[in-house]
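The chains carry the letters A, B, C and D, assigned in the order they are written, with residues numbered from 1 in each.
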Amino acid sequence: MDRAHLHCIQVYYEDTDHSGVVYHANYLKFFERAREHFFGPENLVAMQNEAGLGFVVYQARLSYHRGAVFGERLRIETLGRCESEYRVLFQQRAIREKDDGLLVSAEIEMVLLNKKQQPVAFPPDLVQKIHGALQT
Amino acid sequence: MDRAHLHCIQVYYEDTDHSGVVYHANYLKFFERAREHFFGPENLVAMQNEAGLGFVVYQARLSYHRGAVFGERLRIETLGRCESEYRVLFQQRAIREKDDGLLVSAEIEMVLLNKKQQPVAFPPDLVQKIHGALQT
Amino acid sequence: MDRAHLHCIQVYYEDTDHSGVVYHANYLKFFERAREHFFGPENLVAMQNEAGLGFVVYQARLSYHRGAVFGERLRIETLGRCESEYRVLFQQRAIREKDDGLLVSAEIEMVLLNKKQQPVAFPPDLVQKIHGALQT
Amino acid sequence: MDRAHLHCIQVYYEDTDHSGVVYHANYLKFFERAREHFFGPENLVAMQNEAGLGFVVYQARLSYHRGAVFGERLRIETLGRCESEYRVLFQQRAIREKDDGLLVSAEIEMVLLNKKQQPVAFPPDLVQKIHGALQT
(Lines give C-alpha, C1' and ligand atoms only; values in the text may rest on other atoms or scores of the structure.)
Protein backbone atom coordinates (compact mmCIF):
# COMPACT_ATOMS: atom_id res chain seq x y z
CA MET A 1 0.00 0.00 0.00
CA ASP A 2 2.68 2.39 -1.15
CA ARG A 3 0.61 5.44 -1.85
CA ALA A 4 -1.75 4.87 1.09
CA HIS A 5 -2.90 7.79 3.21
CA LEU A 6 -1.65 7.40 6.80
CA HIS A 7 -3.44 8.43 9.98
CA CYS A 8 -2.35 7.87 13.57
CA ILE A 9 -4.62 6.59 16.36
CA GLN A 10 -3.82 6.51 20.07
CA VAL A 11 -5.66 3.75 21.94
CA TYR A 12 -7.48 5.26 24.94
CA TYR A 13 -9.43 3.72 27.82
CA GLU A 14 -12.68 4.42 25.93
CA ASP A 15 -11.56 2.22 23.03
CA THR A 16 -10.99 -0.95 25.03
CA ASP A 17 -13.43 -3.39 26.61
CA HIS A 18 -13.15 -5.70 29.61
CA SER A 19 -11.47 -8.40 27.51
CA GLY A 20 -8.44 -6.08 27.54
CA VAL A 21 -8.31 -5.21 23.84
CA VAL A 22 -9.97 -2.65 21.57
CA TYR A 23 -13.72 -3.32 21.15
CA HIS A 24 -14.31 -4.68 17.64
CA ALA A 25 -16.81 -2.01 16.54
CA ASN A 26 -14.32 0.76 17.30
CA TYR A 27 -12.17 -0.13 14.31
CA LEU A 28 -15.03 1.10 12.11
CA LYS A 29 -14.65 4.43 13.95
CA PHE A 30 -10.89 4.45 13.44
CA PHE A 31 -11.32 3.73 9.74
CA GLU A 32 -13.88 6.50 9.38
CA ARG A 33 -11.64 9.01 11.15
CA ALA A 34 -8.89 8.12 8.69
CA ARG A 35 -11.23 8.53 5.69
CA GLU A 36 -12.31 11.95 7.02
CA HIS A 37 -8.67 13.03 7.10
CA PHE A 38 -8.17 11.45 3.66
CA PHE A 39 -10.82 13.82 2.26
CA GLY A 40 -10.08 16.65 4.68
CA PRO A 41 -12.76 17.50 7.27
CA GLU A 42 -13.10 21.03 5.85
CA ASN A 43 -13.91 19.58 2.41
CA LEU A 44 -16.56 17.28 3.86
CA VAL A 45 -18.10 20.21 5.73
CA ALA A 46 -18.14 22.31 2.55
CA MET A 47 -19.73 19.50 0.48
CA GLN A 48 -22.43 19.18 3.09
CA ASN A 49 -23.15 22.86 3.64
CA GLU A 50 -22.88 24.00 0.02
CA ALA A 51 -24.20 21.00 -1.92
CA GLY A 52 -26.05 18.94 0.68
CA LEU A 53 -23.87 15.93 -0.07
CA GLY A 54 -22.65 13.32 2.37
CA PHE A 55 -20.89 9.95 2.18
CA VAL A 56 -22.66 6.86 3.45
CA VAL A 57 -21.21 3.40 4.10
CA TYR A 58 -22.88 0.82 1.85
CA GLN A 59 -20.83 -2.30 2.52
CA ALA A 60 -18.16 -3.14 5.09
CA ARG A 61 -16.00 -6.24 5.33
CA LEU A 62 -13.62 -6.58 8.25
CA SER A 63 -11.02 -9.22 9.14
CA TYR A 64 -9.71 -9.18 12.69
CA HIS A 65 -6.21 -10.58 13.15
CA ARG A 66 -4.88 -9.33 16.49
CA GLY A 67 -6.12 -7.04 19.24
CA ALA A 68 -4.67 -3.68 20.28
CA VAL A 69 -4.27 -2.75 23.94
CA PHE A 70 -4.46 0.48 25.91
CA GLY A 71 -1.60 2.89 25.26
CA GLU A 72 -0.62 1.49 21.86
CA ARG A 73 -0.39 3.62 18.77
CA LEU A 74 -1.96 2.43 15.53
CA ARG A 75 -1.32 3.48 11.96
CA ILE A 76 -4.38 3.48 9.74
CA GLU A 77 -3.54 2.98 6.07
CA THR A 78 -6.20 4.10 3.59
CA LEU A 79 -6.31 3.49 -0.14
CA GLY A 80 -9.30 4.56 -2.27
CA ARG A 81 -10.50 3.50 -5.71
CA CYS A 82 -13.64 4.53 -7.59
CA GLU A 83 -15.47 1.35 -8.61
CA SER A 84 -18.00 3.32 -10.63
CA GLU A 85 -19.22 6.89 -10.92
CA TYR A 86 -21.30 6.23 -7.83
CA ARG A 87 -19.21 3.98 -5.66
CA VAL A 88 -15.84 4.20 -3.98
CA LEU A 89 -14.01 1.29 -2.39
CA PHE A 90 -11.60 1.95 0.46
CA GLN A 91 -9.02 -0.64 1.45
CA GLN A 92 -7.94 0.10 4.99
CA ARG A 93 -5.64 -1.51 7.50
CA ALA A 94 -4.97 -0.92 11.18
CA ILE A 95 -1.29 -1.55 11.93
CA ARG A 96 0.38 -1.59 15.35
CA GLU A 97 3.12 1.01 15.17
CA LYS A 98 5.72 -0.59 17.39
CA ASP A 99 6.09 -3.79 15.35
CA ASP A 100 4.10 -3.15 12.16
CA GLY A 101 1.75 -5.98 13.16
CA LEU A 102 -1.47 -6.17 11.13
CA LEU A 103 -4.45 -5.90 13.48
CA VAL A 104 -7.51 -5.40 11.28
CA SER A 105 -8.01 -5.14 7.52
CA ALA A 106 -11.16 -3.79 5.92
CA GLU A 107 -12.91 -3.03 2.66
CA ILE A 108 -15.42 -0.21 2.94
CA GLU A 109 -17.69 0.72 0.03
CA MET A 110 -19.32 4.13 0.10
CA VAL A 111 -21.79 6.15 -1.92
CA LEU A 112 -22.49 9.86 -1.99
CA LEU A 113 -26.07 10.89 -1.17
CA ASN A 114 -27.88 14.18 -1.71
CA LYS A 115 -30.47 15.63 0.67
CA LYS A 116 -33.17 13.40 -0.82
CA GLN A 117 -31.01 10.38 0.00
CA GLN A 118 -30.40 9.73 -3.71
CA PRO A 119 -26.96 8.58 -4.90
CA VAL A 120 -25.11 11.16 -6.98
CA ALA A 121 -22.17 10.72 -9.33
CA PHE A 122 -18.85 11.77 -7.82
CA PRO A 123 -17.68 15.22 -8.98
CA PRO A 124 -14.44 15.01 -11.07
CA ASP A 125 -12.28 16.67 -8.43
CA LEU A 126 -13.43 14.09 -5.91
CA VAL A 127 -12.49 11.25 -8.26
CA GLN A 128 -9.08 12.84 -8.68
CA LYS A 129 -8.74 13.22 -4.93
CA ILE A 130 -9.59 9.56 -4.40
CA HIS A 131 -7.16 8.26 -7.03
CA GLY A 132 -4.36 10.71 -6.53
CA ALA A 133 -4.04 10.65 -2.79
CA LEU A 134 -0.47 10.79 -1.63
CA GLN A 135 0.92 10.15 1.81
CA THR A 136 0.66 13.35 3.85
CA MET B 1 -36.89 7.89 45.70
CA ASP B 2 -40.35 6.42 46.05
CA ARG B 3 -41.97 7.80 42.97
CA ALA B 4 -38.87 7.48 40.80
CA HIS B 5 -39.14 6.24 37.24
CA LEU B 6 -37.29 2.95 36.80
CA HIS B 7 -35.35 1.78 33.76
CA CYS B 8 -33.29 -1.38 33.35
CA ILE B 9 -29.83 -1.53 31.78
CA GLN B 10 -27.91 -4.66 30.82
CA VAL B 11 -24.13 -4.18 30.92
CA TYR B 12 -22.65 -5.31 27.58
CA TYR B 13 -19.06 -5.69 26.33
CA GLU B 14 -19.32 -2.23 24.70
CA ASP B 15 -19.98 -0.59 28.07
CA THR B 16 -16.84 -1.81 29.82
CA ASP B 17 -13.22 -0.79 29.44
CA HIS B 18 -9.97 -2.65 30.01
CA SER B 19 -10.03 -1.86 33.74
CA GLY B 20 -12.86 -4.41 33.90
CA VAL B 21 -15.72 -2.08 34.86
CA VAL B 22 -18.14 0.20 33.00
CA TYR B 23 -16.36 3.20 31.44
CA HIS B 24 -17.24 6.32 33.45
CA ALA B 25 -18.71 8.33 30.55
CA ASN B 26 -21.20 5.58 29.77
CA TYR B 27 -23.26 6.34 32.87
CA LEU B 28 -24.21 9.63 31.20
CA LYS B 29 -25.57 7.49 28.35
CA PHE B 30 -27.46 5.23 30.76
CA PHE B 31 -28.97 8.26 32.50
CA GLU B 32 -30.03 9.77 29.19
CA ARG B 33 -31.65 6.53 28.03
CA ALA B 34 -33.63 6.52 31.28
CA ARG B 35 -34.73 10.13 30.81
CA GLU B 36 -35.84 9.36 27.26
CA HIS B 37 -38.06 6.58 28.61
CA PHE B 38 -39.22 8.92 31.40
CA PHE B 39 -40.58 11.31 28.74
CA GLY B 40 -41.40 8.59 26.22
CA PRO B 41 -39.35 8.49 23.02
CA GLU B 42 -42.48 9.07 20.91
CA ASN B 43 -43.18 12.30 22.84
CA LEU B 44 -39.63 13.55 22.29
CA VAL B 45 -39.91 12.75 18.59
CA ALA B 46 -43.23 14.64 18.37
CA MET B 47 -41.85 17.69 20.23
CA GLN B 48 -38.95 17.78 17.81
CA ASN B 49 -40.88 17.23 14.59
CA GLU B 50 -43.92 19.37 15.42
CA ALA B 51 -42.45 22.17 17.52
CA GLY B 52 -38.72 22.01 16.80
CA LEU B 53 -37.98 21.58 20.50
CA GLY B 54 -35.23 19.51 22.06
CA PHE B 55 -33.76 19.03 25.54
CA VAL B 56 -30.13 19.92 26.15
CA VAL B 57 -27.97 19.11 29.16
CA TYR B 58 -26.82 22.28 30.89
CA GLN B 59 -25.12 20.96 34.00
CA ALA B 60 -24.15 17.49 35.14
CA ARG B 61 -22.76 16.38 38.48
CA LEU B 62 -21.78 12.76 38.96
CA SER B 63 -20.51 10.80 41.98
CA TYR B 64 -18.98 7.41 41.30
CA HIS B 65 -19.21 4.92 44.17
CA ARG B 66 -18.65 1.45 42.71
CA GLY B 67 -18.08 -0.04 39.28
CA ALA B 68 -20.39 -2.36 37.37
CA VAL B 69 -19.03 -5.36 35.48
CA PHE B 70 -20.03 -7.20 32.31
CA GLY B 71 -23.27 -9.15 32.56
CA GLU B 72 -24.73 -7.22 35.49
CA ARG B 73 -28.12 -5.60 35.38
CA LEU B 74 -28.56 -2.05 36.59
CA ARG B 75 -31.66 -0.19 37.68
CA ILE B 76 -31.69 3.49 36.77
CA GLU B 77 -33.88 5.58 39.08
CA THR B 78 -35.00 8.95 37.74
CA LEU B 79 -36.75 11.73 39.59
CA GLY B 80 -37.49 15.09 37.93
CA ARG B 81 -38.29 18.52 39.36
CA CYS B 82 -38.81 21.82 37.54
CA GLU B 83 -36.46 24.36 39.08
CA SER B 84 -37.98 27.18 37.03
CA GLU B 85 -40.10 27.58 33.92
CA TYR B 86 -36.94 26.97 31.92
CA ARG B 87 -34.98 24.43 33.84
CA VAL B 88 -35.54 20.88 35.02
CA LEU B 89 -33.34 19.02 37.50
CA PHE B 90 -33.13 15.25 37.31
CA GLN B 91 -31.82 13.25 40.23
CA GLN B 92 -30.68 9.90 38.95
CA ARG B 93 -29.05 6.82 40.42
CA ALA B 94 -27.56 3.70 38.91
CA ILE B 95 -28.21 0.75 41.22
CA ARG B 96 -26.84 -2.81 40.85
CA GLU B 97 -29.90 -5.05 40.73
CA LYS B 98 -28.56 -8.11 42.50
CA ASP B 99 -27.72 -6.36 45.78
CA ASP B 100 -29.22 -2.86 45.43
CA GLY B 101 -25.69 -1.42 45.62
CA LEU B 102 -25.42 2.27 44.69
CA LEU B 103 -22.98 2.64 41.79
CA VAL B 104 -23.35 6.20 40.54
CA SER B 105 -25.55 9.12 41.54
CA ALA B 106 -26.10 12.18 39.39
CA GLU B 107 -27.82 15.53 39.14
CA ILE B 108 -28.56 16.56 35.57
CA GLU B 109 -29.98 20.00 34.74
CA MET B 110 -31.63 20.44 31.37
CA VAL B 111 -33.19 23.20 29.32
CA LEU B 112 -35.50 23.07 26.33
CA LEU B 113 -34.24 24.78 23.18
CA ASN B 114 -36.07 25.81 20.02
CA LYS B 115 -34.57 25.67 16.54
CA LYS B 116 -32.82 29.00 17.09
CA GLN B 117 -31.14 27.48 20.15
CA GLN B 118 -33.14 29.77 22.45
CA PRO B 119 -34.47 28.43 25.75
CA VAL B 120 -38.27 28.14 25.88
CA ALA B 121 -40.57 27.82 28.87
CA PHE B 122 -41.78 24.25 29.49
CA PRO B 123 -45.34 23.62 28.23
CA PRO B 124 -47.76 22.90 31.13
CA ASP B 125 -48.25 19.25 30.19
CA LEU B 126 -44.50 18.74 30.29
CA VAL B 127 -44.32 20.26 33.79
CA GLN B 128 -47.07 17.92 34.86
CA LYS B 129 -45.27 14.98 33.29
CA ILE B 130 -42.07 15.87 35.13
CA HIS B 131 -43.72 16.25 38.52
CA GLY B 132 -46.29 13.52 38.26
CA ALA B 133 -44.17 10.70 36.97
CA LEU B 134 -45.09 7.38 38.45
CA GLN B 135 -43.22 4.11 38.30
CA THR B 136 -44.12 2.35 35.06
CA MET C 1 -35.25 -16.63 9.43
CA ASP C 2 -38.00 -18.61 11.13
CA ARG C 3 -36.12 -19.86 14.15
CA ALA C 4 -34.11 -16.68 14.60
CA HIS C 5 -33.53 -15.26 18.05
CA LEU C 6 -35.16 -11.84 18.42
CA HIS C 7 -33.87 -8.87 20.39
CA CYS C 8 -35.32 -5.37 20.59
CA ILE C 9 -33.30 -2.16 20.33
CA GLN C 10 -34.52 1.35 21.08
CA VAL C 11 -32.68 4.03 19.09
CA TYR C 12 -31.39 6.70 21.51
CA TYR C 13 -29.64 10.05 21.00
CA GLU C 14 -26.28 8.35 21.58
CA ASP C 15 -26.83 6.01 18.61
CA THR C 16 -27.33 8.70 15.98
CA ASP C 17 -24.89 11.08 14.32
CA HIS C 18 -25.30 14.53 12.80
CA SER C 19 -26.48 13.06 9.49
CA GLY C 20 -29.69 12.21 11.36
CA VAL C 21 -29.46 8.41 11.28
CA VAL C 22 -27.77 5.73 13.38
CA TYR C 23 -23.97 5.85 13.08
CA HIS C 24 -22.83 2.88 10.98
CA ALA C 25 -20.47 1.36 13.57
CA ASN C 26 -23.28 1.15 16.13
CA TYR C 27 -24.97 -1.71 14.29
CA LEU C 28 -21.99 -3.86 15.27
CA LYS C 29 -22.88 -2.98 18.87
CA PHE C 30 -26.55 -3.83 18.32
CA PHE C 31 -25.61 -7.18 16.76
CA GLU C 32 -23.30 -7.99 19.64
CA ARG C 33 -25.95 -7.14 22.23
CA ALA C 34 -28.29 -9.54 20.43
CA ARG C 35 -25.67 -12.30 20.39
CA GLU C 36 -25.07 -11.80 24.12
CA HIS C 37 -28.78 -12.34 24.74
CA PHE C 38 -28.72 -15.30 22.34
CA PHE C 39 -26.15 -16.99 24.58
CA GLY C 40 -27.43 -15.46 27.81
CA PRO C 41 -25.18 -12.95 29.58
CA GLU C 42 -25.00 -15.19 32.66
CA ASN C 43 -23.65 -18.05 30.53
CA LEU C 44 -20.98 -15.82 28.99
CA VAL C 45 -19.97 -14.62 32.44
CA ALA C 46 -19.74 -18.23 33.69
CA MET C 47 -17.66 -19.34 30.68
CA GLN C 48 -15.29 -16.49 31.32
CA ASN C 49 -14.97 -16.86 35.09
CA GLU C 50 -14.91 -20.66 35.26
CA ALA C 51 -13.09 -21.62 32.06
CA GLY C 52 -11.38 -18.43 30.96
CA LEU C 53 -13.16 -18.58 27.60
CA GLY C 54 -14.42 -15.66 25.55
CA PHE C 55 -15.82 -15.13 22.05
CA VAL C 56 -13.94 -12.96 19.61
CA VAL C 57 -15.13 -11.58 16.25
CA TYR C 58 -12.97 -12.94 13.43
CA GLN C 59 -14.78 -11.68 10.34
CA ALA C 60 -17.66 -9.24 9.85
CA ARG C 61 -19.53 -8.41 6.66
CA LEU C 62 -22.20 -5.73 6.78
CA SER C 63 -24.64 -4.43 4.15
CA TYR C 64 -26.36 -1.15 4.89
CA HIS C 65 -29.76 -0.70 3.23
CA ARG C 66 -31.57 2.09 5.10
CA GLY C 67 -30.90 4.27 8.12
CA ALA C 68 -32.75 4.25 11.43
CA VAL C 69 -33.68 7.50 13.17
CA PHE C 70 -34.02 8.58 16.79
CA GLY C 71 -36.99 7.06 18.60
CA GLU C 72 -37.44 4.07 16.31
CA ARG C 73 -37.49 0.53 17.57
CA LEU C 74 -35.45 -2.13 15.81
CA ARG C 75 -35.75 -5.90 15.88
CA ILE C 76 -32.45 -7.74 15.69
CA GLU C 77 -32.78 -11.24 14.21
CA THR C 78 -29.96 -13.65 14.99
CA LEU C 79 -29.36 -17.08 13.52
CA GLY C 80 -26.24 -19.10 14.38
CA ARG C 81 -24.54 -22.04 12.66
CA CYS C 82 -21.31 -23.82 13.57
CA GLU C 83 -19.09 -23.82 10.51
CA SER C 84 -16.53 -26.04 12.18
CA GLU C 85 -15.61 -27.11 15.69
CA TYR C 86 -13.86 -23.79 16.05
CA ARG C 87 -15.99 -21.30 14.18
CA VAL C 88 -19.55 -20.05 14.39
CA LEU C 89 -21.28 -17.93 11.77
CA PHE C 90 -24.07 -15.60 12.82
CA GLN C 91 -26.48 -14.22 10.26
CA GLN C 92 -28.05 -11.12 11.71
CA ARG C 93 -30.48 -8.50 10.50
CA ALA C 94 -31.63 -5.17 11.89
CA ILE C 95 -35.29 -4.64 11.02
CA ARG C 96 -37.35 -1.48 11.62
CA GLU C 97 -40.29 -2.60 13.74
CA LYS C 98 -42.97 -0.29 12.43
CA ASP C 99 -42.80 -1.47 8.80
CA ASP C 100 -40.49 -4.51 8.89
CA GLY C 101 -38.03 -2.59 6.70
CA LEU C 102 -34.61 -4.20 6.39
CA LEU C 103 -31.96 -1.74 7.60
CA VAL C 104 -28.72 -3.70 7.90
CA SER C 105 -27.79 -7.33 7.31
CA ALA C 106 -24.61 -8.92 8.58
CA GLU C 107 -22.57 -12.08 8.71
CA ILE C 108 -20.38 -12.31 11.80
CA GLU C 109 -17.86 -15.13 12.26
CA MET C 110 -16.59 -15.80 15.75
CA VAL C 111 -14.10 -18.02 17.49
CA LEU C 112 -13.74 -18.99 21.14
CA LEU C 113 -10.39 -18.15 22.75
CA ASN C 114 -8.85 -19.33 26.00
CA LYS C 115 -6.72 -17.15 28.28
CA LYS C 116 -3.65 -17.78 26.11
CA GLN C 117 -5.61 -16.42 23.14
CA GLN C 118 -5.70 -19.87 21.54
CA PRO C 119 -8.85 -21.04 19.73
CA VAL C 120 -10.66 -23.87 21.48
CA ALA C 121 -13.27 -26.30 20.11
CA PHE C 122 -16.83 -25.41 21.10
CA PRO C 123 -18.17 -27.51 23.99
CA PRO C 124 -21.08 -29.76 22.87
CA ASP C 125 -23.71 -27.86 24.85
CA LEU C 126 -22.63 -24.66 23.14
CA VAL C 127 -23.00 -26.28 19.72
CA GLN C 128 -26.47 -27.40 20.70
CA LYS C 129 -27.30 -23.93 21.97
CA ILE C 130 -26.17 -22.39 18.69
CA HIS C 131 -28.13 -24.81 16.50
CA GLY C 132 -31.21 -25.21 18.64
CA ALA C 133 -31.92 -21.61 19.49
CA LEU C 134 -35.58 -20.86 19.56
CA GLN C 135 -37.30 -17.52 19.62
CA THR C 136 -37.58 -16.39 23.23
CA MET D 1 -5.12 28.71 32.70
CA ASP D 2 -1.62 29.80 31.80
CA ARG D 3 0.25 26.64 32.58
CA ALA D 4 -2.52 24.34 31.37
CA HIS D 5 -1.68 21.25 29.35
CA LEU D 6 -3.16 21.50 25.84
CA HIS D 7 -4.58 18.69 23.73
CA CYS D 8 -6.28 18.92 20.34
CA ILE D 9 -9.49 17.12 19.38
CA GLN D 10 -10.97 16.81 15.90
CA VAL D 11 -14.77 16.44 15.91
CA TYR D 12 -15.71 13.37 13.84
CA TYR D 13 -19.07 11.92 12.74
CA GLU D 14 -18.95 9.50 15.66
CA ASP D 15 -18.85 12.37 18.16
CA THR D 16 -22.06 14.08 17.04
CA ASP D 17 -25.69 13.11 17.50
CA HIS D 18 -28.80 13.84 15.45
CA SER D 19 -29.26 17.22 17.13
CA GLY D 20 -26.22 18.29 15.08
CA VAL D 21 -23.74 18.87 17.90
CA VAL D 22 -21.35 16.74 19.93
CA TYR D 23 -23.20 14.30 22.21
CA HIS D 24 -22.85 15.50 25.81
CA ALA D 25 -21.26 12.34 27.20
CA ASN D 26 -18.43 12.52 24.68
CA TYR D 27 -16.84 15.50 26.42
CA LEU D 28 -16.02 13.15 29.29
CA LYS D 29 -14.13 11.08 26.70
CA PHE D 30 -12.33 14.17 25.35
CA PHE D 31 -11.34 15.21 28.87
CA GLU D 32 -10.05 11.73 29.65
CA ARG D 33 -7.98 11.62 26.44
CA ALA D 34 -6.42 14.92 27.48
CA ARG D 35 -5.63 13.63 30.98
CA GLU D 36 -4.02 10.52 29.48
CA HIS D 37 -1.73 12.77 27.42
CA PHE D 38 -1.15 14.94 30.50
CA PHE D 39 0.30 11.90 32.30
CA GLY D 40 1.68 10.25 29.17
CA PRO D 41 0.05 7.01 28.02
CA GLU D 42 3.34 5.12 28.44
CA ASN D 43 3.51 6.21 32.10
CA LEU D 44 -0.06 5.03 32.73
CA VAL D 45 0.73 1.70 31.11
CA ALA D 46 3.87 1.32 33.26
CA MET D 47 2.00 2.19 36.48
CA GLN D 48 -0.58 -0.42 35.64
CA ASN D 49 1.76 -3.20 34.56
CA GLU D 50 4.46 -2.67 37.18
CA ALA D 51 2.49 -1.51 40.22
CA GLY D 52 -1.09 -2.50 39.44
CA LEU D 53 -2.22 1.09 39.85
CA GLY D 54 -4.93 2.88 37.89
CA PHE D 55 -6.77 6.20 38.11
CA VAL D 56 -10.51 6.21 38.68
CA VAL D 57 -12.95 9.12 38.37
CA TYR D 58 -14.59 9.84 41.71
CA GLN D 59 -16.53 13.02 41.00
CA ALA D 60 -17.31 14.91 37.80
CA ARG D 61 -18.99 18.29 37.39
CA LEU D 62 -19.66 19.58 33.89
CA SER D 63 -21.10 22.86 32.61
CA TYR D 64 -22.21 22.93 28.99
CA HIS D 65 -22.10 26.36 27.33
CA ARG D 66 -22.15 25.81 23.56
CA GLY D 67 -22.15 22.85 21.22
CA ALA D 68 -19.41 21.81 18.79
CA VAL D 69 -20.24 20.64 15.28
CA PHE D 70 -18.71 18.15 12.85
CA GLY D 71 -15.35 19.22 11.44
CA GLU D 72 -14.46 21.67 14.20
CA ARG D 73 -11.24 21.46 16.13
CA LEU D 74 -11.29 21.76 19.92
CA ARG D 75 -8.53 22.61 22.35
CA ILE D 76 -8.73 20.79 25.67
CA GLU D 77 -7.05 22.70 28.50
CA THR D 78 -6.10 20.64 31.54
CA LEU D 79 -4.86 21.87 34.90
CA GLY D 80 -4.25 19.50 37.82
CA ARG D 81 -3.95 20.05 41.58
CA CYS D 82 -3.53 17.51 44.36
CA GLU D 83 -6.27 18.10 46.90
CA SER D 84 -4.79 15.57 49.29
CA GLU D 85 -2.33 12.68 49.17
CA TYR D 86 -5.16 10.60 47.72
CA ARG D 87 -7.09 12.92 45.49
CA VAL D 88 -6.35 15.02 42.43
CA LEU D 89 -8.67 17.67 40.98
CA PHE D 90 -8.49 18.43 37.28
CA GLN D 91 -9.94 21.64 35.92
CA GLN D 92 -10.59 21.15 32.24
CA ARG D 93 -12.10 23.20 29.45
CA ALA D 94 -13.10 22.42 25.88
CA ILE D 95 -12.45 25.46 23.70
CA ARG D 96 -13.42 25.90 20.02
CA GLU D 97 -10.17 26.65 18.21
CA LYS D 98 -11.42 29.01 15.55
CA ASP D 99 -12.83 31.63 17.95
CA ASP D 100 -11.63 30.52 21.40
CA GLY D 101 -15.27 30.03 22.39
CA LEU D 102 -15.78 28.15 25.66
CA LEU D 103 -17.87 25.03 25.02
CA VAL D 104 -17.68 22.94 28.17
CA SER D 105 -15.91 23.36 31.49
CA ALA D 106 -15.40 20.56 33.99
CA GLU D 107 -13.98 19.62 37.34
CA ILE D 108 -12.90 15.99 37.56
CA GLU D 109 -11.73 14.45 40.84
CA MET D 110 -9.73 11.25 40.66
CA VAL D 111 -8.20 8.72 42.99
CA LEU D 112 -5.53 6.09 42.39
CA LEU D 113 -6.55 2.50 43.14
CA ASN D 114 -4.44 -0.62 43.56
CA LYS D 115 -5.48 -4.09 42.38
CA LYS D 116 -7.60 -4.57 45.52
CA GLN D 117 -9.48 -1.39 44.61
CA GLN D 118 -8.01 0.42 47.61
CA PRO D 119 -6.97 4.07 47.30
CA VAL D 120 -3.23 4.61 47.49
CA ALA D 121 -1.27 7.81 48.21
CA PHE D 122 0.19 9.42 45.10
CA PRO D 123 3.91 8.70 44.61
CA PRO D 124 6.03 11.91 44.93
CA ASP D 125 6.97 12.00 41.24
CA LEU D 126 3.29 11.86 40.33
CA VAL D 127 2.53 14.81 42.62
CA GLN D 128 5.36 16.72 40.96
CA LYS D 129 4.04 15.78 37.53
CA ILE D 130 0.56 17.03 38.45
CA HIS D 131 1.78 20.34 39.87
CA GLY D 132 4.61 21.03 37.50
CA ALA D 133 2.93 20.32 34.20
CA LEU D 134 3.94 22.68 31.47
CA GLN D 135 2.39 23.19 28.09
CA THR D 136 3.84 20.61 25.71
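Everything that follows uses one rule, which is that a residue touches a chain if its C-beta (ideal position, glycine included) is under 8 Å from a C-beta of that chain, and two chains touch if they have at least 3 such contacts.
Given the structure is predicted, the values throughout are model-derived calculations rather than measurements.
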Chain pair equivalent in interface to C-D, over half of contacts matched, among B-D, A-B or A-C: A-B
Interchain centroid distance [CA atoms averaged], subunit A/subunit B, Å: 33
Whole-Å separation of chain centres (CA-atom averages), subunit A against subunit C: 23
Centre distance in Å when subunit B and subunit C are each reduced to the mean of their C-alpha atoms: 27
Sequence positions of subunit D contacting 2 or more other chains: 13-14, 19, 25, 29, 32, 70
Chain contact graph, described as a line, ring, star, complete graph or other shape: complete
Interface residues, subunit D side, partner subunit C - complex: 13-14, 16-21, 23, 25, 69-70
Contacting residues of subunit B [partner subunit D, same complex]: 19, 24-26, 28-29, 32, 54, 56-64, 67
Subunit D partner contacts - residues on subunit A that touch it in the complex: 10, 12-14, 29, 32-33, 36-37, 41-42, 44-45, 48, 70-71
